[in-house]
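Here's the structure, in structure tokens; my notes come after.
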Amino acid sequence: MNLKKPVKLLDENGLRTDGRRPDELRPLKIQVGLLKNADGSAYIELGKNKIIVAVYGPREAHPRHVVIPDRAIVRCRYHMAPFSVDERKSPGFSRREIELSKVIREALEPAIFIEEFPRTAIDIFIEVLEADGGTRTASITAASVALADAGIPLKDLVTATAIGKIEGKLVIDLNGLEDQYGEGDMPIAMMPSLGQITLLQADGRFSGEEFEEGLKMAINAIKKIYRVQKEALKRRYIEISKEVLESE
Amino acid sequence: MNLKKPVKLLDENGLRTDGRRPDELRPLKIQVGLLKNADGSAYIELGKNKIIVAVYGPREAHPRHVVIPDRAIVRCRYHMAPFSVDERKSPGFSRREIELSKVIREALEPAIFIEEFPRTAIDIFIEVLEADGGTRTASITAASVALADAGIPLKDLVTATAIGKIEGKLVIDLNGLEDQYGEGDMPIAMMPSLGQITLLQADGRFSGEEFEEGLKMAINAIKKIYRVQKEALKRRYIEISKEVLESE
Amino acid sequence: MNLKKPVKLLDENGLRTDGRRPDELRPLKIQVGLLKNADGSAYIELGKNKIIVAVYGPREAHPRHVVIPDRAIVRCRYHMAPFSVDERKSPGFSRREIELSKVIREALEPAIFIEEFPRTAIDIFIEVLEADGGTRTASITAASVALADAGIPLKDLVTATAIGKIEGKLVIDLNGLEDQYGEGDMPIAMMPSLGQITLLQADGRFSGEEFEEGLKMAINAIKKIYRVQKEALKRRYIEISKEVLESE
Amino acid sequence: MNDKSELIISKIKKETILSLLRKNERIDNRGLEDYRKIQITTGLIGKANGSAIVKLGDTTVITGIKIQIDRPFPDTPDRGIQIVNAELIPLASPIFEPGPPGEDDVELSRVVDRGLRSAEIIKLDELVLIPGEKVWAVFVDIYALDYGGNMIDAAALASVSAILTTKYNKAIVENGEVKITDEQIPLPIGSIPVFVTIAKIGDKLIVDPSYEEELVMDARITFVIDENDNITGIQKGNPGTFTYGELIEAKNIAIRVSKKLREHLPPVHSE
Amino acid sequence: MNDKSELIISKIKKETILSLLRKNERIDNRGLEDYRKIQITTGLIGKANGSAIVKLGDTTVITGIKIQIDRPFPDTPDRGIQIVNAELIPLASPIFEPGPPGEDDVELSRVVDRGLRSAEIIKLDELVLIPGEKVWAVFVDIYALDYGGNMIDAAALASVSAILTTKYNKAIVENGEVKITDEQIPLPIGSIPVFVTIAKIGDKLIVDPSYEEELVMDARITFVIDENDNITGIQKGNPGTFTYGELIEAKNIAIRVSKKLREHLPPVHSE
Amino acid sequence: MNDKSELIISKIKKETILSLLRKNERIDNRGLEDYRKIQITTGLIGKANGSAIVKLGDTTVITGIKIQIDRPFPDTPDRGIQIVNAELIPLASPIFEPGPPGEDDVELSRVVDRGLRSAEIIKLDELVLIPGEKVWAVFVDIYALDYGGNMIDAAALASVSAILTTKYNKAIVENGEVKITDEQIPLPIGSIPVFVTIAKIGDKLIVDPSYEEELVMDARITFVIDENDNITGIQKGNPGTFTYGELIEAKNIAIRVSKKLREHLPPVHSE
């Protein structure tokens, strides 16, 4: 945030270092159900980000003292592979990963009908294979799809992106360079159909007006991502249907 | 103990670096019941030492395997805040803190009627906010008051101080400088009315006679501290009585 | 393995740095039952290696979730004392010690009638007091004797040694120097009477023929070690018998 | 605070809180945008470079600052170091368990750290002695002493107050050698952030939730506000949600309330 | 994988596996010496110096390589550093538990490390920049993504493939200073090991056990084989046993099978 | 040894110990001030600079000493380093649990460390090679092998014996460079401490409690005594108490007994 910028983040045409317009998302690809062991899984590529998510559950919760009698517990483990970043990361959990595991869990839990699965655990495992800005929001986007793939009833998908501020201008979906040298970063997750925001963080500096405008931009972008999520799930259902038909 | 002394610890008038006589305690202040959540609490200032103690219990003991069928278990956690000492201390528990947690617990437990509270736990949490020599003894003095404040029946208060040796002479209640550059340190805790000594440690070098004389000096000083403890508890009871009366 | 050799490991007479022939074991001494608390124990000296093994069990297994309803669990903890090696080792468990604890356990477990002791634990504690090449195999040799001393019914003893390759030639029972500068190391454990191999590892480089020849050499050496194990146990039984007779 | 929701709050009390709120009233008679009583004591800890104890209603928290010379991080050779560490110790509440810092401690540390850092309250680029070699490291250690709700705001108040009143020995560099002088100087201060936490209970937004209110709240959101009404940090917490409208309202409340809260801070470079 | 034996495999399936094996058949129609379908993708991870995802039947594993300048170990001042770290993360299977690496992770790391090291696939003595001061450190990080049996061979295939396709920036030493250039070069490669794991079920030896086969196997043994049919590593696992004859047979199978397995590897210094 | 009190000792045995003590007799026929049989073997561990195995009745403990060059602690640039580490490993008793060192291990390490340090048995100021840069570090590692009571005295005997018989390679400093020579020299020895532990059972004070006596004792106290009958360390343990009179008596016993105990130590600079 406070470092000297090595480059201009917006060029004279208002385009970003990767050629995007301010309100343009990076290329996005979601693949559902690629893991065999997990009850649900998803793989997301957002720009250079590559993240895999597995969901297990609802399943027996242990150790016993974590069991909650009238609902499921949701657990989340966000981890970055050592080779996912520029400088090799130590394989253990950093404080950043511990915080993000918590906020991602809190962003997803509102979408889950946890009261339907008392005394069980729903485990969400996120492994970032390559990181380039926006891993927490891409993880949320992928994880809600994996939850759906696991057959867990959801109030809505959860869809996430980030608003950033570069060269004094609001942009959507910061990449790694923009995240590092920009003036602000505001990740947002929401249940798009319900209009409920489930995650909001920010650092950097935003005026009150920028905050309002940024939120609106994010909500627009989230609608686009939501479509990609739903299409990925549809492809998966067709795939499964075929398998079922073929096996008959 | 073995370091070169930067200063003379006793001046030509037999006074110490902080102006005290050899048998003189540092200014002592005890405040009881200042924490709302704890079942009992105490804050002690002894010279520059500032320590806060919370007592929880008797309460349900868990995990289960620690439960003792015919008495309460007493647990103690002595910790120094990173900013309490000259060089910032790492926030985790050092080996010193682990040992002191044990000896403080063993100094307090003899005063508690643990058989009256089978299958429960009594937890003593000590946080040293500023340290200047004698934190273990000040912690014991404060903790026994906090136990009383928690309404836990005690055989007696436990009162503690240290005998030191500087410039070949016995003194009471070492401060940090004397602790670092003195020739000996002997912390002592006792139940004053019962004449029972519950903690005794020493390092440095004492002759047999010095040991005997030091113990006597300590017992004298402990009587003075004992009065301060009782006065602090009395003030607290008056306070509570007032509150009760006012609320009626 | 890959380091420059400071010395020739085989001299012109085909003798090794410690004067041994290629197929010659180091001096071997096994002492049984020297520990009072352990249910079974053994001390082994193999060359400069000095290792002590204690066996506890079959005994109640806890925590509960490790219990297996139809057999005993076998646990093993191989540890090297900090002073056992040239450079002081940190006292905690290294990754090497964790792996060796596992392979040693898997080398011993096939010899134990674990089905006879459902819901119990058999604990094997190995402390290497001095190490000079071959501690894992010497540990296995000693541990199986300690298991027998504990009165645990065994299908056979487990006996172990290592084949090495120095100056292109196969030798038995590598010492520390040969281990460090040789071209290959292949530890082997077996139940000699049953002809069952329970541990096999290798690193370095062996041809297929060397592998076969090495295995044969190892099996020969293992027979010699097996005799020493049985003699040690016999001495212990005579000792116990005497004690029993004397106590009557 | 994962376990907080499990703690028993009597059904009657819960009902009381909710039905009062429907009338825009709170159980302790506060207005919806009122903070509880705030008491800030600075400079208590002689061995710390700065310190502050904050009482915010029934919540008490202490921050101590230690400053020492350290090697800069390799990727920021020309900046000092700021490290924030917060611990929710079991002394402060039966809901805090012994053991190494958990996710609540880590979140608290990181939220306070980011809020201070975005505002640049400590001008880290002025804390360099020899670039790439020696810089000042500022350790901000936060300990909960009594937990009565709204830890973030109390911790932030304590940390900002401690930073504003910190003194340390000036160092000078002569011929590539660092010399510590006797002169006591304050930290170089940039903009000063104020943290405002708002809880959502039903459809109401309230400022500075007490512990009882936290037990019934759906979600919370913290805004960090600077002197010019800019937002220099946000952290939403708890598995509840906000609508767009609620967020705009919360932001406006936070900016409004931040001005009153700011009055409690000690003057810059005071003792 | 300590717990694996505890996992339930239906009695019928177990019987099926065993009775098929008596006829030298396997439940998935493979021959006894057949590997499952192998699929290797290299170069997926842009921020890694090398990477490979291997699918071996239902097992998926990723290896990423990072290379950076480090200080050599004191006892090997004139050699680069090779560090292998494998993690069986709970994402990959319900039998892997969260928490720090356990003995299975450690065994896997060490077996792969030794197999690579004995073959000298990475010529560590060519990775020295300033002896005793600066060398290249090669980090080989292995993560299980989906566990369907025979982790060792899959992890080794991924690691070897990643190493063979690794590129890093050439560094030159001028006047005792290390300078990183823009030229991308491959790692210096020695001999290339192939890991072949054989399971013993009853009196049968089978190659590349699936997870179901692992649940009924008595013992497993891994041979590491180089281009010249030399053995550069062995690791026996599980509390089962082998006879002398079985080991000779297993060794012969491993050498035989290694040739076919080797064909799947990417060409040296490919991308 | 936290759990020790939970261990079952038969009621009859407990009664026997107590009723014998009333007659000033002990269950193993010792006098109240008698140590159990002591056997000290030094120099067993060839790779250690010093070592000693002590058998004290049914208690067996080993201490090994390693000496190596290290950087001094910043606050003591002109002193060598002494580090004592004791572990009550589960090999030695069913009451010792696996896992990282607990409070009993830590207390034992620290009590032995302080007792050695106060006596200055190792003259640390003579172990400096280059002040502030390089000093000798002496590692004293203590392992329980068989636990039969009175670990402190056994551990201290082993440690003192190992220190007194330690040899290490003399180093010389030439032009600011440290050179290790082949000459083997002993450690510089100051005064030699002896640890005497006394248990209180009922109103009796007994020396060197066995494990069974520990199970019924109320409290224990250890005195560290030097050659001139000075006390160089005290550690009271267990949640029992002593009166002033009992402490004076215990001190006198300790001084008396220390003389006999001292005779078991190896001569200074012996091998």
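Labels A, B, C, D, E and F are assigned to the chains in the order they are written; within every chain, residues are numbered from 1.
One rule holds in what follows: a residue touches a chain if its C-beta (ideal position, glycine included) is under 8 Å from a C-beta of that chain, and two chains touch if they have at least 3 such contacts.
If you're wondering where the values come from, they're calculated on a predicted model, not measured in any experiment.
The fewest steps needed to get from chain B to chain F, moving only between touching chains, is 1. Of all chains, the one whose mean C-alpha position sits at the greatest distance from that of chain C is D. When each chain is reduced to the average of its Cα atoms, B sits farthest from chain E.
Separation between the centroids of chain C and chain F, computed from CA atoms only, is 31 Å. Note: centroid distance chain E to chain F, computed from Cα atoms, is 48 Å.
Each chain gets one centre point, the mean of its Cα atoms, and the points for chain B and chain C are 51 Å apart.
Because contacts link each chain to exactly two others and close back on themselves, their graph is best described as a ring. One closed ring of touching chains is present, and its order from chain B going to chain D first is B, D, A, E, C, F.
Chain B meets chain F in the complex at residues 1-3, 68, 74, 95-96, 98-99, 101-103, 105-106, 109-110, 186, 190-191, 194-208, 211-212, 215-216, 219. Residue ranges on chain F touching chain C, taken from their complex, read 44-48, 51, 58, 60, 62, 64-66, 68, 85, 87, 89-94, 98, 100, 139, 141, 143, 145-148. By the touch criterion stated above, chain B contacts chain D in their complex at residues 35-38, 48, 50, 52-54, 56, 59, 77, 79, 81-88, 91-92, 123, 125-127, 129-132. Every residue of chain F that touches chain B in the complex is listed here, in rising order: 6, 76, 79, 103-104, 106-107, 109-110, 114-115, 117-120, 124-125, 221, 226, 229-244, 247-248, 251-252, 255.
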